[in-house]
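Mind having a look at this structure? Questions to follow.
In order of appearance the chains are A, B, C and D, and numbering begins at 1 in each one.
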Amino acid sequence: MSLNEVGSMIAMQGFSGLSLFTVLLLMALGLAIIFGQMGVINMAHGEFMAIGAYVVYLFSQLTQNYAPGLREVYFVPAVVAAFFVAGAVGYVVEMLLIRRLYKRPLDTLLATWGLSLAMQQFFRSFINPKEVSAELPEWLLGAFNPTPSIQVPRNGIFVMGLTILVSAGVYLLMLKSRWGIRIRATTQNRVMSSAVGINTDRVDRFTFALGCGIAGLAGAAFTTIGSTGPTSGSLYIVDTFLVVVFGGAANLIGTIASAFSIAQAQSLLEFFLTSAMAKVLTLMTIIVILMIRPQGLFTNKLRT
Amino acid sequence: MAEFEMLTIQGLGVSFDGFKAVDDLNFIVDRNELRVVIGPNGAGKTTLLDLICGKTKSTSGSIMFKTMDLTQMKEHDIVRAGVGRKFQTPSIYENLSVSENLEVSFPRGRSAFGALFFKRAADVIDRVHKVAEEVMLLEKLDHQAALLSHGQKQWLEIGMLLMQDPELLMLDEPVAGMTVNEREQTAELLNRISKNRSVIVIEHDMEFVRKIAHKVTVLHQGKVIAEGSMDKVTADPRVIEVYLGH
Amino acid sequence: MQLLFIDRSRALRGAFSTVLCVTSLWAAFAGAGCNKSSASTSSDPAASKTDKAAPASTERSTEATSTDVMTPPGVEKSTLKAADYPTAKVMTTGLKVDDDSVTVGILHSTTGTMAISETGSVQAEKLAIAQINALGGILGRQIKVIQEDGASDWPTFAEKARKLLVNDKVAAVMGCWTSASRKAVLPVFEKENGLLYYPTFYEGLEQSKNVFYTGQEATQQILASLDWVHKEKGAKSFYLIGSDYIWPRTSMKIARKHIENVLHGTVVGEEFAPLGNTQFGSIINKIKLKKPDVIFAAVVGGSNVAWFKQLNAAGVTSANQTLLTISVTEDEVLGIGGENLTGFFSSMKYFQSLDNANNKAFVEAFKKMWGPKSVIGDVTQAAYLGPWIWRAAVEKAGSFDVDKVVAASPDIEIKIAPEGYVKVHANHHLWSKARIGKAKADGQFEVVHESDLIEPNPFPKGYQ
Amino acid sequence: MSHLTKKLGKADLLGVVVLSAVILVLFPSVFGIFRLNLIGKYLTYAFVGVSLVLLWGNGGILSLGQGVFFGLGGYCMAMFLKLEASDPIATKIQTTPGIPDFMDWNQIVKLPLFWLPFKSLTFTIIAILVVPALFAFLIGVAMFKRRVGGVYFAIITQAVALILSVLIVGQQGLTGGINGITDLKTMHGWDIRSDSAKYILYYVNGALLIGCVVFTRWVLSTKFGMLLLALREKEDRVRFSGYDVANFKTLAFCMSAVMCAIGGAMFTLQVGFMSPSFVGITPSIEMVIYTAVGGRMSVVGAVFGTLLVNFAKTFFSEEYPDLWLFLMGATFIAVVLLFPDGLAGLYDRYGKPFVLRRAARAHSKPKATEPNVAVATALESGGKHG
C-alpha cells in the first residue's frame, strides 16, 4: 500500500469519525434540551425521530406520484416539515401528558415508554408494517471525490452541515434570544420565573416541542443513512441517552464534547477491533467515567 | 481528661467557581456552650454548617472536633463521632410515624445488616419516649409525621438529633415558621439541651437570639467580623454597618 | 380501637384486591379460550379469523373468501369427499378435525420488530390455504385457521406454539421466521408431536422429525452462488460481513470453507456488526483498505438498510465493486431503496420476476388478495409452499396423524411451486434451485443465473 | 406501642395468605396444565416485580437492568440443564460429542472452563444466588459510593443491560448467541417437560415466590426497611443521622438481584430455555411496568400487577393483536398519570373506605366514629407497606 493510500485512508477514517460525531450530536441535541432543561426522560425520543423520517417518506411519495420533476428539491422542504410536524406532536404530548409529570422524572420515563410503544404500533398499523424508503435526490447519493482515492459520503456532508446549523441555532436560541433566557430562567427557578411574569407553562410546552422538533429533524436527516420503519427509532435511543448523560445533562458544550469523544472512540475501536467489542468497550468506558464523574463531563459547579 | 475545645476551626475556606463563600475563617466553640451565628443573607452561615458536617468539602483550612479533623472524614463518620445537624427546612420522614422517625435515628443498627436485625429493645422504646417528652411530642408518637404542624416538625427533627446524643449539635434556623408560643417553648428546649453539650444555632430572629445565646458570632462575606455577647456585637459599628448599610 | 381498624383494613385489602383482580382477569384469561373455540367453529373458513387477525395492510382486500380467490392453473378441484375418509379413520390422535373441517395454526409476529419481515409469510400462507379451500380443501375438509402472534418475542412463540398444539389441537402449524423463534418452539413441537412448516432460509444444522423446512438451508443458498461469482467474475478474494448472530455466522463459516478449500480463493476480512448497528463507516473503510474482489454480505434488519445506504454513500457501487448478498429479497429492497442496490447480486431460490407460468399465476393471485402493490420475496414464496406440501402429504397418507403425514412426506413433489418445482427430501428440507438476481432500480431482480436442483444438506461434511 | 409493630401483624399476614391461596390452591384447581404452566411463567416475572417494590417503590432506586439479574439466574440454570442434555450419547452426531450443540457449531472442541462447574447442581444453585449478588454488589458499590442516583442510575443500569446482551449475542460459541440456550430436557434425569414435572415446578415456583414476598415484607418491616423509605424521601437526613447510605442501597440492590435471579432460574426450568432477549432493556422496563400497575409500594400488589398485565397481554394478543401495543402503551400512561400507586392505590381509594365502613358498622360501638376513620385513613395513606 502506498503512502498516498494510507493518507487517503486516514482522511476517510477521520471523516467517518466526524460523521458519526455529527450523527450522535444531532440525535442528542433534542434530548439534551428536553432532559437537560426540563428533566424529562423522553423514552419516545426515537419515535419522534421516526416521525421525521416518515414525513420525508411522505413527501417522497407525494413527489413521486404528483410531481416527479421535483425529486431533486423535495428533500429540503421535507426536512423543514419534519421539524414542524414532530414539534407539533411534541406540543400536544406535552399538553396531554408531560405537563402532569414534571415533579416525577422517573415516571416520565415510564409514561413516555408507553407512548413509544403506542407510537410504534401506530406506524405499523397506519403507515406500513414494513420498512419504507424515501427516494433520495441525486445530490445526496454516492460520494464526493476530492482526490481519486478519497471518497467522502455526500449524505455524511449533508448531516454534518445540518448538525452545525442546528447546533448553532440552538446555541443562539438558548444563550442569546429572549426565549432562551426564559427557558433557562424557568429551569433554574420555576416559581421565581412565573413571579416575574414568565408564562412557564408556555415555556415548557415550547421547549418540549423544540426538542421533539429537533428529533424530527434528526430523523429526517437519518433517512439518508439509515432505515425508516416502525422500530427504527428504538435503534438510537440508548446511544442518545448515553451521549446526553455523559455530557452532563444541562450543558450544550458538554453534549458536543461527549458526542465527539464517544464517536471518535467508537469509530477508532471499530476500525481496529470487531464491532461488538468496540461497542462493549465504548459503553464500558462511558460507565466507568460516569462512575468517576457522576455528573458527566461538564457541569456547572453549584453551591449546594 | 485532657482539656481541648469542642470545635476549633482554623483558616477555613471554600470557593465555588471562584466565589469565596467562606474565607479564612477562624472559630472556636467551647464545651457546653450555646453559640449563635448571625449575619446577613449570603454571609456563609449555612455553608459553614455544611463544611462542619461534611456536606461540602473545604478547599483549605482545618476543622478540629475535639481531636479529630472533620475535613478528612466521611459524613456518616462525622455524625458517629458526635456531630448532629438540623437542616434549614424541617427534614423529617413524612411517611413514617413520629416514633418511627425517632427510632430510625437511634444510634444502634447503623450498618446495613445491623439495621436488618435491629431489635426494638426496651432501651430503645425508653429513649424514644424520653426524647419525645423532651421535644414535647409524647402525645403525638403514633401520628404520621406529615400531619404535624410546622413547629412540631422542627422539634421532631431536633428530637431525632437528640436520639443520637451528640456532643455538638448544629441547628439551622430552628424557629423559622414558628408561632410566638412555639418560639418560647423552643428557647426553653434549647436552654435545656445545651446543659451537657455544645450547640451552634443559626438564627435571624434577634429577640430569640437574645434569649438563648451565650455568645454570638457575626459572619459577613465568609468572614467573622465580630464575636462576643449579644450586647457587645449589637453595639459593634461594623456589625451595624453590615446590617444597615446593605 | 383505631389501630384495630387499620388492621382490619389491611387484612381485607389483600383479599379485596385479590378478588378484584382475579375476577376481572378471569373473564379475560379463560375467555380467551372460549372465544377462540367459537371463532374456530364459525362457518366461513379462511376468512373469519383471517380478517380479524390479519396485520393491518391498507392495500389488502377486505373480503378474501374462499370463493373469489384465484387458484393455481392446472390444478383440478379435488374430488376427494370427506365421506370417503371418515374422521375416525383419518385422525386418531385427538387433533381438531371433524367431518367438514380441519384446523391449522399460523404463528408469526404481527407486532414487534419482526412484524416487518413476517407479514409477507402470513399473507402467503393465507393465500395458499384459501386456494386449497377453493379447490375442495383437504380430504374433503375445509381448512380453518387460528392465527397467533409471536410478538417478536421467543418465549411468546413457545407459549403460543404450546397453545396451538395443546389447547387448539391444530393439525399443522405454518410459522416462525427467525432461527431463535424456531429454536424456542422446537422442543414444544417435539414434545407434543406437532407439525411445523418453517419458511425462512436458515443456517441448517438442524433436522427434526416435526419440522419441514421450506426455505433453503445454508449450503443451498451459498455454495452455488460462490461458484457462480468465482466463475463469472473471476473472484479470488472475498470480504465477509454479516450481522452478529447465528445465521450469518454459520453462513460465513460455510462460505469461508468453500472459498478456501474448493475455490482456492482468500478471505481478506470477516466482520460481524451487532444487531441493530446503524453505523458502518469504519467497517466500510476497512473493506476499502482490503479491496476484495467480492463483498459477501448477510446483514439483516434495520442494519441492512444502513449498511447499503452508507455503502453507496461511500462510493462503493456496482460500477466499482462486486457485491453478493444472501439477505436481500424484494421485501428488503423496499426499506433499502432500489437506487442503493442497483447492480448488486442477491442469491435466493425465488425472485418475484421469475418468468414461468406458475409464478405469474402466483403473483397475480397474491396481488389480487393482498393488493396490487404487494411485493413478494423469497421467504414469502417459501411460506406459500408450506400448506401445499402439507396437503399433498396428508392426501398421500390418507390421514392427518402427524406420524403418518411425516412418513408420507419424503419425495412429495410440488409442481405448481412458483419457484418452478420442489421435492421434499428425506431430511425434511426441499430440493430446490439456487438463483442469482441482479438488483434493478425499480426494486425487482433480473435473474442472471439459475443452478440445477440442489440436494439439501443441513449437516454439510467438511463445512463444520 | 409504635404502630411499627403492627406493620407485620396478622393483617399483613392475611394478605400473604390470600395470595398463597390464590397461587397454590385457586389457580391449580381451576386451570389445566397448559394455562397453569403459563401462569407459572408469569409468576417468574413477579419475582422481579417484588424485587422492584423493595428497590424502587420503597428505596426510590429505579433499576432498568433487573433483566440482567433475571438473565444471570436463568443462564446459570440453563447451563446446568444444557450440560445434562448434551451427554455424549445424545450428541453423538456432533464433531465433538458431549458439548452443547451450539458450541459444536462454532468449532469449539472443548468445554470452556467456566462451564465446567455447572455440571454440579449444588454449584449451580449457589451460583444462581451468588453470581447476581456479586454483580449487583460491584455495580452498587461503584455507583452508590459515587452517589450516582435517580435518573442517572436508571440510565446506567440500562447501559449495563445493553452491554451484557451485546456480549451474550456476540459470544455465541460460549453462550448460544441470540438463540439462547435451548432444548433443555432433564434435571438429574427428571424430565422437566412432563406434565407432572410442570405441576411440581409450578408449586416450587409458587412457594419460592411467596417466600420472597414474605422475605421482602420482613425486610420492609425492619429498621432497614424504614431507612429505605426514609432515604427515598430525605437522603441527606439519613446520611446526617450517621448512616452510610451507599451500603444500604447496595444491600437492597443485592437482595433485589438475588430475587430476580431466582425468578430467572425458575423461568428456565418451566419454559425450557433462556435467551438474551430477557437481558435487554425492553424486558427490564416492562417488568418495571408490571410493578407500577400493581402498585410500586405493595409487595402483594406487584404480584397481581404482573399477573394482570400478562393475562391481558395473552388475551389481547390472541384476540386483537393490532390493538395490543396501543393498549399496553395506554396502560402505562394511565397508570403513571392516574393511578401512581397502581392496584393497591386503587384499593386504598375505593376499596378501603368501604371496608372501613363495614368494619365500623360491625363493631358498632360509639368509639368507632368518623374522626377515627379519618385518622386511620390518613395514617394508612402515608405508611403504605401493604
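Keep in mind that, in the parts below, contacts are C-beta pairs under 8 Å (C-beta built on N, C-alpha and C of every residue); 3 or more make two chains touch, one makes a residue touch a chain.
This is a predicted model, so every value here is computed, not measured.
Participant: Top contact pair of chains, counted by C-beta pairs?
Facilitator: Among the chain pairs, C-D has the highest number of C-beta contacts.
Participant: Using C-alpha centroids, which chain lies at the maximum separation from subunit B?
Facilitator: Result for the farthest chain: C.
Participant: In whole angstrom, what separates the CA-based centres of subunit A and subunit B?
Facilitator: Roughly 48 Å, centre to centre.
Participant: Between subunit A and subunit C, what's the gap in Å when you average each chain's C-alpha atoms?
Facilitator: Comparing mean C-alpha positions, subunit C is 35 Å from subunit A.
Participant: Approximately how many whole Å separate the CA-defined centres of subunit B and subunit C?
Facilitator: 72
Participant: If I count partner chains per residue in subunit B, which residues reach a count of at least 2?
Facilitator: Touching at least two other chains: 55.
Participant: Send over the residues of subunit C in touch with two or more other chains.
Facilitator: 55-56, 110-111, 244, 272, 274
Participant: Would you pick out the residues of subunit D that each touch at least 2 other chains?
Facilitator: In subunit D, the residues touching two or more other chains are 3, 166, 169-170, 322, 324-325, 379.
Participant: Can you check the complex and tell me which residues of subunit D touch subunit A?
Facilitator: Answer in residue numbers: 62, 142-143, 146-148, 150-152, 154-156, 158-160, 162-163, 166-167, 169-170, 281, 285, 288-289, 292, 322, 324-326, 328-333, 335-337, 340.
Participant: In their shared complex, at which residues does subunit C touch subunit D?
Facilitator: Subunit C residues touching subunit D: 1-18, 20-22, 24-25, 28-33, 35-36, 52-53, 55-56, 110-111, 147-149, 151, 153-156, 158-159, 162-163, 166-167, 179-180, 183-184, 186-188, 191, 203, 205, 244-246, 249-250, 253, 272, 274-275, 459, 464.
Participant: For subunit A, which residues count as touching subunit D in their complex?
Facilitator: 39, 41, 43, 97, 100-101, 104-107, 109-111, 113-122, 124-125, 238, 241-242, 245, 274, 276-277, 279-280, 283-284, 286-287, 290-292, 294
Participant: Can you list the subunit D residues touching subunit B in their complex?
Facilitator: 1-5, 219, 222-224, 226-227, 229-230, 233-234, 236-245, 247-248, 250-251, 378-379, 382-384
Participant: Report the residues of subunit C in contact with subunit A in the complex, numbered from low to high.
Facilitator: 55-58, 110-113, 115-116, 119, 244, 271-274, 276-279, 281-286, 288-289, 301-306, 309-310, 312-315, 317, 331-332, 334-337, 339-340
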